[in-house]
Every structure is written in structure tokens, then in C-alpha cells.
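Here chain A shows up in two complexes: once beside chain B, once beside chain C.
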Partner chain A sequence: MFFHIVLERNMQLHPRYFGRNLRDNLVSKLMKDVEGTCSGRHGFVVAITGIENIGKGLIRDGTGFVTFPVKYQCVVFRPFKGEILEAVVTMVNKMGFFAEAGPVQIFVSNHLIPDDMEFQSGDMPNYTTSDGSVKIQKDSEVRLKIIGTRVDATEIFCIGTIKDDFLGVINDPATA
Partner chain B sequence: MEKGGKGYSLPSKGLKSSLKSTPANDASIKGKDDSSAKSKRGRKVQFNSEADKFDFLSKSNGKLDAPAAKGNLSKGGKGDRISNIGKAPSTKEPQPLELKVEQEIPKNAKCLMHCEASQILHGIQGQMVLLSRDPTVKLPVSFDKALHYAKTGARYTNPQSVRQVLESLKKHGVSDGEICVLANVCPESVDEVFALIPSLKSKKNMLTEPVKGVLDELANLKQQE
Partner chain C sequence: MSVEPFNRLVKLAARAFYDDITTKGDNQPKTGRSDNRGIAVVVLDALTRRQWVREEDLAKDLKLHSKQLRRTLRFFEEEKLVTRDHRKETAKGAKIYSAAVAATAEGQRTAKEGEEKIKLHTHSYCCLDYAQIYDVVRYRLHRLRKKLKDELENKNTVQEYICPNCGRRYNALDALRLVSPDDEYFHCENCNGELVAESDKLAAQEGGDGDDNARRRRREKLKDMLQKMEVQLKPLMDQLNRVKDLPVPEFGSLQAWEARASAAGRPVNGDSSSNDPFKSSQGLGYGRTPMTFIGETKVEVAFSGVEGKEEDVKSETASSDRKVLPPWMIKQGMNLTKEQRGEVKQESKMDGISSAEFSDDKKSNDDVDNKSLQDEYVKAYYAALLKKQQELEEAAKKQELLHAPNSNGVSESLSNRQVGMKSKREEDEGEDDVEWEEAPTGGSTGESYKVNDLNFEAEASGEEEDDIDWEDG
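Let's turn to the complex of A and B:
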């Protein structure tokens, strides 16, 4: 789910960036520093949408650097346990399949794929029901439910399930 | 960190099933196994002969066995819970996995529906073209992915009216997070809503009518577009 949120960060700026462009420099450094990062609490920082407030700078002892507390608004993307997402399948193997929802990777284990779907190997590996009516393969769109998340510095990784009512393939590239 | 642990819980489920037999066997062979296995290291001298006995039983997977036994027996609750999470979707456990967005995000955050996010991100992308004189500032890959995702996920073109329609559910106690999931998933029937958002089930009687109304209105909105 996307969020709009106000975050705060202490920015250290080298004196060579001071002057009439100080604010611009501060903002572009902020963008470089935070956009694309992620945290467990907020998820992916997708984009900064505005600066609320830049506080008074504080000179750091011993260096020329000055620390500015910056409050900024940003759009973040964070998956939640229990959330329903629509994701695009990126890889299928006998362990299950990987899918992508925006910047987030999701793995659906074969234990969490309905029992009537069997793995078929080949150059286009897929999961198919016995009557062949439903097929999950690369580029399929699936609706899944997040049941676990893991966050590291640059990536969010989720475990999902499609073993429930109203979950599963929503659009099959082969038939479309 | 806890999240990380949970994230891993699923993969370990496969592992656990292969190990499941060992702790169970141990327990049936010797009831006191788990306690002595734990104290094995500490009191090796006293229980030397006994320790040897189950060393031969569990030496090969002794390393794995000990944590497994700990997980399953001493912290039995946790082990159970993990397997519940795995099974919850299929077998309607008493505590299905519920969406608790409000408890997990800071107070000042506002949930965005895909259509809203898509509008905002689109605006930013437009600005970036102007701002990109500074070549060192560029949008990260995750931005493009998020924008693409928001765009494809957006079912409606007019976020305000969707928000207005869904906002009416708020007075029935539906949370912001649940409203956003509703807007993003775009369910077709009332049953679908309650199946996908189990946290609403407790208020099912009260919500059925309003949800039905909202779904009809949303369908109308979509047709107009």
C-alpha cells in the first residue's frame, strides 16, 4: 500500500554547498540520500513530494559540516501482512513462483498454491490445474495475500499465498 | 527484526516438516528427551552414558534437532502459530491473518489508494523532467517500478469521487487501511470483500448493506470512466 507521510532526517552538509543555493543543495542531497531506500517501519521511500521545514543548522565540532534537521513529505510503499496485492509473476520453478508488486518482491511457495495446481516444467515452466483451465506462468497477473515480510537496506521481500478464496490468477498472458 | 524472523518462517516450514518426525520420535521414545537434550552440554559429565545414547540417535542432525526441539517443545506456542499462519488462508483458523495497518504505521501517515498514488507520482515525474538539469539527481529504479505499479493498479481515474464513496464506510468503523485495500482490489461481490479482508468479518452483519451500496456506487463510477 502507498502512504503519504512526513519524515524527518538530519542532513549533514559540507560548507562548500553553502550560499544562496543552500536550500536547493540540501534538498537535492536529501533526494539522493533517501529516495529508493527502505526501512521496516516505512517501507520503500518512493519519492519526496515536498519539504515541510528545514531547521536551524548546527556546526559539528571539529569539522566544518553543518547538520540541518529537515522535515519532508514523501510517498512510501510498504506491504503489510494480510494485505491483498496484485502482482506480476517473474519466475516460476518447482519451489513456487516469484512475483513483483511495484518495488517489492514476493515469493509464493508451492505449499501456498492451491493443491489442484501442478508444476509443469519445460521452457515455460508453469503451474496448471488438472483441467488446464488456470495457468500461472511468467507475466501472469495474480492476486495474492501477503503473509510475511522481510526488509533489508535496499529491498523488501514478502511471502505470499494464493491458497484462499478469491485469490489467484487474474489475467493470463497466454489467453489474453 | 521480528519481521525478518517471520518472513523466514515460511521457508522454514518446509524444513520443519522434514524435521517434524524427529522431535516427535524423540519425545515418544523418551519423554524427558527435550530437557536432557538441552542440558546435555551443561551436564555432560553426569549424564555421559545417557548423552551418548541419544547422541547416536540424533548426532547426524543433532545441530538441527536441538533448535527444532526448542522451537516445537519449549516454545510450542510459537511453532504452532507459525504453522497456523501457513494454514490460515486455507482452513479458516480461529485467528486468520488480519490487516492491521493502523498499528504498524506512524500516526501522521495517510494511506493512499493506487489511483491517488499514481496521480502524485505522475506529477513528480513531470517535475523531474524540469529539475533534471542536475545530472546527479535522478529517480531510482524503485520509483519507476512504483509508478508503473500504481498506474496498472489504479482502477479509477477520479480518486476524489472514489474516496468520497468509500469514506462513507468510515462511520461504520472501517479503517483507512481497509478502505485502501478495497479501492485497490476492486472486489465485485460482498462475499469477496469479507473473504479478502477478514478483519471486517466481525462486523459482517452491520457492514453487509453499506458495503453492497459502496460496491454498486464504485461499479457506477467505473462505468462512467
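Let's turn to the complex of A and C:
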């Protein structure tokens, strides 16, 4: 799920950036530092949308670095158990398949793939129904439901299922 | 538009899902006396005999405290079984009251008087929403079944993997670390052995350790639960199938319903309620329409059908094509029905009284409402009454003897013989409070007044009502 929230971060800025463009430098450094990172608490920071407030800088003794407390608005993406996501298959093997929904990696184990889909090994390993009408392989787009998440301080990993109503392949690259 | 199959659906659902619902606030201690489980079923049953009803009137009919009733109704509103409507109405009674108050305390109240005169009172009305009930019950069953089945099929469980070499366990959340670039299997981080999915292993060796045993037990339990659910809720599911293609009774909004009811040209209040000082003082008097009568009559037959079959005593009144309820339902549900106005242990003497009153009542009502259904009902009723007359008197005598020790056991056995009559009496009571006040044969009218007062003061729970009925007789 996506959220638009306000986060705060202490930014350390090298003295060489001081000057007319201090603020711009601060913001671009913030973007570089924060976008694409993941925190267990808030999820993945997708994009910074605005700066709320930059506090007074504090000069560090000895180094000359200045610490600015920066409040910024950002869009975060945090997967939840029970959430339905659309994802792109990245790898298929005998144990199941991996898929990505943006920055999130999801594993769907073979017992959560419908029983009528069988694993076919080969150049392009895939899961296929007996009549061949539905095929899951690399780059397939699937709709899946998250049934478990592992949230570490800097990482979120999910496991999902496609064994439920309206889940499964939504766009097969082979036929597209 | 037949309401009966839907009413049966409501009753079955009430007993299946709301049997042990208690609407007490959490802060109140759940003592035996204030335990109001079963009230939910009573309220739903009462609503099946009505259409739109003013909640105050319903509370009075059920001899419940209006607060308690409101709490229950609010619960059902959240459960989407009941629609409610609130609106402001001028209440004559309130006006008279405030005028009286102003007269007694004239000096200080003059300023306030005018303000109070135009004060409107909010009255709440409620009605079963059959269309929604049908959907809600189906959805509930669907969720129940799905949840159990999902768990049974390990649908939403995290797959576990075991290394056959070193016994190390992993689960699907570790998958990212376990993939190997070389082949299509997961590999142990420890010894690089090929991991085996837990369920495969379980199938391979049925013996298993304690963990597996627990899992198997759980599976058994789930299977058992699913099976029990299918069996025990079968009547409910059958009823759902039965009403599937029937047109759903639709009463519309309160306003629409009222418009229709008055267009039908029936007097909104029979003389029954004009006898009632409390009711007639309530101004607009939307209390009940004769349509409710019809509904009640039908329902009444259903009840005596069930109970009559149970006993095989008075099957004349009980002649009905209804299926006998399964035993588990009779045990719980029927008890509750009798409890409806709190008289599981109701004396047969009460029956004598109320039936006499009932006939009075009927006479007066016949002038007002000549629906054929009702006539039929009266006929059937008289037949039963005649047949039972002697037995009733005898029972009444016995009851007098029993009255002093308040012995529950004995009276229960008596009431068992009177079940058919009793259900009738319940209906009467639900319909008209008048009987209570007329009560000529009982010779204890004063007492019943007092009792009613008590009822309003105290939190009226089912048990209390039991006591009241005892006193009444």
C-alpha cells in the first residue's frame, strides 16, 4: 500500500556545499540518500514530494560538517499481509517463482500455485496448465495475494499466493 | 410476497449466530442476573412478527428496558440485519408533561415553558431488512467455510523446508537466500544439501515427531469443525436455498411504509391501544398497524407447529407443513422462544387468564380488522381453547398450589403440557399490553401494574421477567 507521509532526517552537509545553493544541495543529497531505501517501519521510500521544513544547522566540532534536521514529505510503499499486488515474475524454479512489485520481492511457493499448473523445466522454466492455456514464466505479470511478510530494519520480503479467486496471470508476454 | 420463509430464515440465523450474544457494556459485571444472552434472539423473533415498529413500543411489548433493547438493535444495525430510522415527532404526552411541570413550578419556569412546548422528541423505529439479511447470512456462511477450508488446505500458511542432511529448517520467507544459480532447488545454507518441502516429508513418513502430531491433530480438528458446521447449519442453508428465488419482502423506508399502511385504509391504532393510557398519550400513534397482526398470526402457527409436533397433544392448532426442527435447534432455540417474554417457567394459570383476555381482545378487534386470516386463526384458537378448557382449569388449580413454593421443576412439567397454549399467549402479550391491565380473571391487576413499574426501573433481563410472571399469576 502507498502512503504519503512526513519523515524527518538529520542531514550532514560538507562545508564545500555551503553558499547560495545550500538548500538545493541539501535537497538533492536528501533525495540521493533516501529514495529507494527501505525501512522496516515505513516501507520503501518511493519519492520525495516536498520539503516541509529545514531546521537550524549545527556545526560539528572538529570536522566543520553541519547537521540540518530536515522534514520532508514522501511517498512510501509498504506491503501488508492480505494485500493484493500485481507483480512481474523474475525467476521460476521447481520450488515456485519469484516476482517483483516495484522494489518488493515476492516468493510464491509451488504449493500456493493452483494444483492444475505443473512445473516445466527447460530453457524457460514455467508453470503451465495441462491444456497449456495459462503459463507463468519469466516476465509474466501476475496478480497475487501477500500471505506473509518478513520485515527487517532495512528489508522487506514477502511470500504470496495465486491460489485464490481472481489471482494468477494477468498478462502473458508470450501471447501479448 | 410471503414473509414466512424469510422469517424462518431470520429465526434460524438468530439461533445459529446470535444465540450467545450479550450486549452488556464491558464495564458491567456479568453476574448471573444481568446475563442477557438470548435477548438478541428474542428481539429478532419479535421483529419477524412486525414490520416497522417504534422501538419504545417494542421494548414495552418485550418487557425490556428500552436502553437494553436499543443496545441490541444497534448491534443488529451494525450486523446489517435491521434498518433503523430516527425522527423528531411532537409528542402529546411530552407536552402534557412539560405543561404540568411548568404549572407546578410556575415562578421560575415561565421562560422555559414556551421552549419546551415546541420541543420535539426523537423516536426510533426499526425493521428487519430481509434482502440484506439474506446476503449477510450467505456471506457469513461463505466466510466460515472459506476460512476453515483455507486452513485445512494450508492455503495461507508459510511453506517450510527441511534440509535432509543436517535437519535445519527454513521457510518460504528465507527463499531469497536459498536459491541457487545452478539448479532449480533450494539449498541449505549450512551444508548445501537440497531442501525438501515440509509437506512432502510429512507425506513420506507418517510417523513424524511431536510437531507433526500436533499438526495432524489440528487438521483433524479443522476437518471435524467443517463437518459439524455443514451438519449443524444445514437447516439454515436449506432455508437459504428455499428463499433463493422468492421475492424478498420489502417494506421500504419508514415513510414509504407508513404511506402505504395508511393508504390501505386501516385504522392505525385499534381500540386496543386507546385503552392504553400510555400509548394513546404518545401522540401520533404509529405504534402498530393491523398488518402486524397478520404477520403475527402466521408466525404463531409456525411455533405451535413445531411445539405441537414435539408433543403430539394439540395438533389441531398445530397442523402445519413445517419441518420439525432438528433436536439441537429445539433444545436451544425453542427454549429461547418461550423465554421470549421471560416465561420459560410460565404457569398454566397464566394461560387461562390470558386466553380469556385474548378472546375479549379478539372480539373488540374483530370489528376493526376483519381479515380472513385472522378469522381463521380465531376459529382455530377457539377450537383449541374449548378442547383445553378443562385441562386448563385443572392446571390452574394445581398451579395455585404450586404458587407458594415457586417450585420451578414442577411448573416446568406443567408448562410442558401447555406449550401450544403458551406460545399463543406470548403472541397476545407481544401484541397488546392491554391484557395485562384488563386482567379481570387474574384478580391481580394491581400487582401487574406494580410489576411493570419495576420493569421500567430495573434493567429488565430475562431472569427478572421470570420472577415477574410468577408474581403475576
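The rule is short, and it goes like this: the second predicted complex is superposed on the first by the 167 of 176 C-alpha atoms of A that agree within 3 Å, B and C clash if a C-alpha of one lies under 4 Å from a C-alpha of the other, contacts with A are read in each partner's own complex, and residues count from 1 in each chain.
Note that a residue touches a chain if its C-beta (ideal position, glycine included) is under 8 Å from a C-beta of that chain, and two chains touch if they have at least 3 such contacts.
Computed from a predicted structure; not experimentally measured.
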First (chain B), second (chain C), both or neither touched by A:Ser121: second
First (chain B), second (chain C), both or neither touched by A:Pro103: first
Partner chain in contact with A:Lys163 - chain B first, chain C second, else both or neither: both
First, second, both or neither for A:Lys135, with chain B first and chain C second: neither
Partner chain in contact with A:Phe77 - chain B first, chain C second, else both or neither: first
Between chain B and chain C, more extensive residue contact with chain A: B
Touching both chain C and chain B, counted on chain A across the two superposed complexes: 109, 111-112, 147-148, 150, 157, 159, 161, 163-164
Partner chain A, residues of chain B touching it in the complex: 3-4, 6-11, 13-14, 85-86, 88-90, 97-101, 104-106, 108-114, 116-117, 120-121, 124, 134, 136-137, 139-143, 145-150, 152-153, 177, 180-181, 184-185, 187, 191-192, 195-199
Residues on chain A engaged by chain C in the complex (per definition of touch): 91, 93-96, 98, 105, 107, 109-112, 121, 125, 147-148, 150, 157, 159, 161, 163-164
Contacting residues of chain C [partner chain A, same complex]: 154-159, 172-173, 175-176, 179, 183-186, 195, 197, 199
Sites on chain A touched by chain B in the complex: 1-6, 28, 31-32, 35-36, 40-42, 44, 46-47, 49, 75-78, 80-86, 100-103, 109, 111-112, 143, 145, 147-151, 157-159, 161, 163-167
